[in-house]
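Have a look at the structure that comes next, please.
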């Protein structure tokens, strides 16, 4: 009745095709448990992998910066699996101990000042109102 | 009975000293509302500013990367003030529209896969167990 | 000094009365750990059970839909205990693997688009302003 | 199609009975918007009020401490309505500006160190393992 | 320097193609602000729409149930835009006031019991350990 | 490649100085794992300890109330380490089982009503608008 981690050997052709692409893209010879779990719902496996491959590709931000952002979100959300897997990915992409220390210091500080701004209900300065979307005319 | 945004003119010497340091460090001529709100509790104002100045200083991560991480946490926590103020700071530090687009795409993707890992209760791979702290011997 | 899981045999009459009602309502012969933990504070045990019994009873939404919603919230909040216990309850109420797969896909997608809407600070469309409460006249 | 804030004059007898009890218990002459909104679903109105009345009554913790805890949770969750209403309640129960300043400093600090403990994945000390529930024998 | 809501008339061919598909799929004649905001980063617009279309399509769960789950997550995360837009979508798919009342009651209850399970650190019952993934052999 | 819990014997002079101050301030003879983890990034160790020492010192709120608030935030955020360590600290400061039961009841209730206020999008009463910061003039 329960789900299982789907190993390559047990996997359907549809799942294997995704596993093959993960391994080829990342130059590794086995996929990690996250993908084996998603393989229980092949549509989610395929869609998630295709999205992640696109989002994490080098662009205006380089892969290391993207992995640091991933760890920042995962630590804020308390996702142990994701902290582990993306810290490992960040290490591979060049994160050293000093960078990890600074990353977590910024994450923690942001979580602190977020609550100060929220708790004091600080009104947004005019100067910041167009930092993301311009206010409607 | 309620608190107010403390303007420089009304501020105590203790608060003015912090405001002066913020303006000198950031090369601006007025502090933003966040600091005016914290000025209602001078110990919090001073401590928060000193911590922020230290944490956000250039180090192994450069100031732009630190601001991107700040926005990532603030968007995850839904702190509108912090999204506005740190997006503005990130713009100053060099973030362009393409970088903002990629940043939010990674933040959103991380929030998505965090819940897939949590919802499926995916067990951590052995290979990731020492990505942060080594397991106790 | 610390609390314990309170077993039926050790329980006070007040706690046993709640345990009896849980077992009778759910047609089971022992209560799960959540209730044994709450039994350390009998007022919380009684109030929580009475509320849960009322909220989860069949109504305009059927029990399966209510359990799916419970799992959705628990996965978003990262409550492992609640994911486990309410996934089990959802299974009993008829959730199969395909439904679980779709449920987690929706939960993850919602967590993703929540952060896109927040990060871009998208203003609410006029057309949606009365979707919940009508705006004050 | 949308819901409305239900005023006393429009309310059903069932809703009025709850409104009357809120006003009598709190010695006020009108209920705040939260209750007017819940009145759209009378079962939720009644149940929520009865639970809140019980939980917030003086006990081992006094009402001021309970209101401070309420503000702490609401600031962490970013619930503006709840920060406003429970800060007002805390003021009534005796919270002054210095207490509010210390409250928000502790809330912010806890949000910061929560992420340091999570980000570093710090293993729980043996000495803390029975701080809440004793580990199973 | 700031982003804008991109209207159809200003949009690139790439963005218009996505807008056209949203309007055709949903049988509406203009897209809501969420999509106009994402249009600032066309890759995110296209990817998010394709994912959402796939995830929210009828399957083992019907579209109303999926919208209810979306509202549940959005209320838990405090995303006002998403509560508004998905409550409107749920109304269209058949949600009436009684269903909305029950939905929010379940969401609130789940948020409550999540913190009781977490605060008491309740250990997972053996019987629930295979509710999602089977434990590794 | 991975970090370790830094024991006093291995620690640098800079780290030892902080450990010594923690032990002296708290009148204990060894620091808990949180500090041993932070010792991997000495600047974070020092800054976090100095902030915590200042924030948690007796003031307008007494140390027990501050520890209760810490547990409230930690339970809301689902930080197991912090629930354990601050529940232990609260016990030391005088929290008994009845107080813990009431604390968790308030935390859970606040998490529930936060989502009711958010889900119904309840507009803030005029009377609460100056509970924290006075609205701009």
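Letters A, B, C, D, E and F name the chains as they come in the text, with residue numbers starting at 1 for each one.
Here is the rule we use: a contact is a pair of C-beta atoms (placed from the backbone, for glycine too) under 8 Å apart; a residue touches a chain by one contact, two chains touch by 3 or more.
Computed from a prediction, not measured in an experiment: that's the story for all the values here.
Annotation of subunit B and subunit D: jointly contacted by A, C, E, F, touch as defined at the top. When the contact pairs of B-D are matched by residue number against E-F, C-E or A-F, more than half turn up again in A-F.
Each chain gets a centre from the mean of its Cα atoms; the one farthest from the centre of subunit A is D. In terms of C-beta pairs in contact, C-E outnumbers the other of C-E and A-D. With centres set at the average Cα position, the gap from subunit D to subunit F is 19 Å. Each of the following residues of subunit E touches two or more other chains: 1, 3, 5, 37, 40, 43-44, 47-48, 51, 55, 76-80, 83-84, 91, 98, 100-105, 107-109, 111-114, 116, 118-123, 131-133, 136.
On the subunit E side of its complex with subunit B, the touching residues are 1, 3, 40-41, 43-44, 47-48, 77-79, 132-133, 136.
On the subunit B side of its complex with subunit C, the touching residues are 71, 75-76, 78, 80, 83-84, 104, 107-109, 111-116, 118-121. Only residues 1-5, 37, 43, 47, 51, 54-55, 130-134, 136 of subunit B touch subunit F when the two sit together in their complex. By the touch criterion stated above, subunit B contacts subunit E in their complex at residues 78, 91, 97-98, 100-102, 104-105, 108, 119-123.
Touching subunit B in their complex are the following residues of subunit A: 3, 5, 32-34, 37-38, 40, 44, 48, 51-52, 55-56, 59-61, 65-66, 68-70, 72-74, 76-77, 79-88, 91, 96, 98-103, 105-107, 109-114, 116-118, 120, 122-125, 127-129, 131-132.
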